[in-house]
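Labels for the chains are A, B and C, by order of writing; each one numbers its residues from 1.
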Amino acid sequence: MAKGLTWTIDDADHMTQAEIYGEVLTKLGYQYKNLVALTADLAGSTKIGRFQKDFPDRFFNVGIAEMNLFGMASGMAASGLLPVVSTFAAFAALRCAEHVRTDVCYQKRNVKIIATHSGTSFGQAGTTHHCTEDLAVMRAMAGMTVIAPADAYETARAVVAAMEWDGPVYVRIGRSFEPPLHKSMDGFDFEIGKAIKLREGTDITVIATGRTVPGAVEAAEMAANEGLSVKVLDLHTIKPIDVDAIMEAVKETRRIITVEDHNVYSGMGSAVADVIAASGKGCVLKKLGLQDEFSIVGYPDDLLHYYKMDADGIVEAIGQVMKMDFEADEDWEDEI
Amino acid sequence: MALKPAELKKLKQTALRIREQIVEVTYTCGGAHIGGAMSQTDIMVALYYKFMKFDPKKPLLPTRDRFILSKGHGGVGHAVILGDLGFFDQKELADFNKTGSPFGMHLDWLKVKGVDASTGSLGHGLSIGIGMAIAARLQNKKYHTYVVVGDGELHGGPNWEAIMSAAHFKVTNMTTFVDRNKLCIDGPTEKIMGVEPLKDKFEAFGWKAVVIDGHDFEQIADAVEQSHAETEKPFVIIADTVKGKGIDFMEGLAKWHYAGLDEEMKKQALASLRRMYKNG
Amino acid sequence: MPTRDELRARLFLFAALPLVKIVREDDKIMRTITRNMTGVVQFESKDSDLAAHLVFANDTLEVKRGKHEHPTVSFIFKNLQGLNDFFGGKPALPAAVKGLYRLDLIARTVPLLLSLKLLMPNADPQKPEKRALKVKLLIYMITAALSQLNKAGEESMVKMTKTSPDRIYQWIVQGEGGPAAYLRMKAGKTKSGRGVYTRRRPFVLMKFSDIEGAYQVLTSKAALVDAVKKGYVVTEGAMEYSKEIGLRMQFVEELLA
């Protein structure tokens, strides 16, 4: 439950994903007296700067120096503080991967990382500001919990859950204009490690994570119009992964499509593959995401389409897996 | 403030004892970072036996002073001091580097009591120390944080991120030492990647910097007191040291960064140490 | 590239004129005036193929694009400019009127045409039913107009639709009986429709709080920025594209001014 989040749904309606995160963190600052927030010159961009308004003494901007950022967070966590660190995913997961690994994970420091602009969500900024490797890197760090919330509401719930979780947590979100999946902050259950079943189905399962989830639901609805029964799982936690939910999908549908705004190598799809392979059960697996390539420049929504991670791409993949065609709408006359 | 003669004598005796134990451990475990352990010993003895507040029976005492050996490969020297102080049973050092031992080349704070941060990968210690120092300020705690960095270590960018931020955040409840033994693995620092002018660099970054003889306890003590008194800028003590100090066949040679000792070499090493301290 | 007159004519003939059907359904008086009419009333121009006609039969009204084989009455304008002036509410008369003898048809069509004045910026009715009707007409018109821009080959619109995947732009007025309209675009093709598109989720969704909120925004009484602040409208979906479609809407507004 989202304790202490008292502002209304209407407020959330007007807030973007990162803004909700900023608000939530600020509320948590009142609850956790030892919470400190850190960033590397991205207070405005990641919206962690919202925390600064209420707690100027508990906010630290270290400038464009991400390695120092994580070293300091480690030292603070070692000394009784609860650091939340925010910067772009490319810098949090790659630039200072060693610091995250050695200073945070290896030393078991309770640091929470909220990495924004993950995947290709930073569209126009191009590959240097995209991060399609962070799930792979963070998954491989022992002791790290890895979460990719589907929308602003899940982000808020994830941040609250991360505070209560023991140990380092990596939460990757978009740039803040991602469409909502849920209708309200409290209208769904959120538990780290438990996939959210958005739709039941029997023909095929789509397992999506992060900003690709709404498109997965849309694809399922479109496929339903053509008579297919599509199960949809929102796999927000990549580690620890919900083995039971995946195995249920394997048993019930025997066909799985994974979708992630990430390289298909070593990301969520690979994590799902681990589970399927370990079980020894037969299952078709098709992974949607970036097919081991760096991203082009484009509007984030166009990139979802370009890499076939949007509803159309997923529907196409469903068709391929099911070997079915879908009717095209032929009437292009304006209604008169 | 000068050290009282009795104090000075005690520190020298301790330093000898620690150096001897380092030689023993190096001999037993088949090899260690003995060169750097020797150059840092006087600094660490001064800190652990004169200045720092801690309780070996309560290694996580919240009010304790923090110590970070950023040049984590000096771990053998650190472990010996912690054992000598009673953080753990000294006998455990016999298994140094062995499989399953809590002691390896680089100490793990989760396994070795008295260690405040698991270092080894260079360039992390200053950032971690700054985090600890700021945490003290934020929680109104009085503990002081000490960081020892290597001179070759200062090649790395992350150090300078930290150094810049220490001045920006006015971190004055931290004292930094540079174990300036002028050598890295492949040779002299100035030949591999020059760090001079080092004092100027720190000062340009907004720090107060002093250069001392890193093997002179009076200079070390004096510098630490200056650091404690400094309230405006972060303080660095650039300690001019000798890698392998005390073991005449090692002194000033890069190859003793990491080495093993056989029976004969151990004898010579111990003899050399006794000679060094005989002269006071 | 279509001329400005061609674009305006399309908008008037294929986006605005068809709304008379909606007016007739909505307004009892209009239904009474146009009761049991029979005949085809056409609007065309000498210099273009663009035309539309109203088909009155069996107490119903259908609006059709293009020319009828044998229109009962035909308003023939000298050129598109004349046609546009007429529909734009300027004093302008057709160069010729075929079927002038059917004064009854003409006389009863005119009020229907005049009812479209409701669309004009200076029309600010106070009665809630009229304001609601205006909102409905405006969102039906805007969506059809956007589609027509594309079909006309208007450069900036084509740029948007040419590379577009199958996407829905949806306008909804919340609250009971709130009207809705959508624009679908896919690889250069567009289709506007009334109501909510159900076959897939909208790519961009503009949600008006209620009739009054929609009225404020669509009549430009409230600038979009203020409108969002005041909660009149919430836009969901792809950020860059909601901006883009907003610009196209502005362009439509300019064309019709």
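For the reader, a short list of remarks on this structure follows.
Rule of thumb we're sticking to: a residue touches a chain if its C-beta (ideal position, glycine included) is under 8 Å from a C-beta of that chain, and two chains touch if they have at least 3 such contacts.
Note that this is a predicted model, so its numbers are computed, not measured.
Every chain gets a centre from its CA atoms, and the centre nearest the mean of all protein CA atoms is that of A. Counting C-beta pairs in contact, the chain pair with the highest total is A-B. The mean-CA centres of chain A and chain C are about 42 angstrom from one another, to the nearest whole unit.
For the pair chain A and chain B, the distance between mean C-alpha positions equals 43 Å. Per-chain Cα centroids separate chain B from chain C by 80 Å. Chain A makes touch with chain B in their complex at residues 34, 36, 57-58, 60, 62-63, 65, 67-81, 83, 98-99, 102-103, 106-108. Looking at the complex, you find that chain B touches chain A at residues 62, 66, 109-110, 116-118, 120-121, 123-136, 138-139, 141, 157-158, 161-162, 164-165, 168-169. Within the complex formed with chain A, the residues of chain C that make contact are 14, 18, 63-65, 144, 147-148, 151, 165-166, 189-194, 199-201, 203, 228, 231, 234, 236-241. Interface residues of chain A, counted against chain C in their complex, comprise 10, 13-14, 177, 179-180, 214, 217-218, 221-222, 225, 299-301, 305, 310-312, 329, 331-336.
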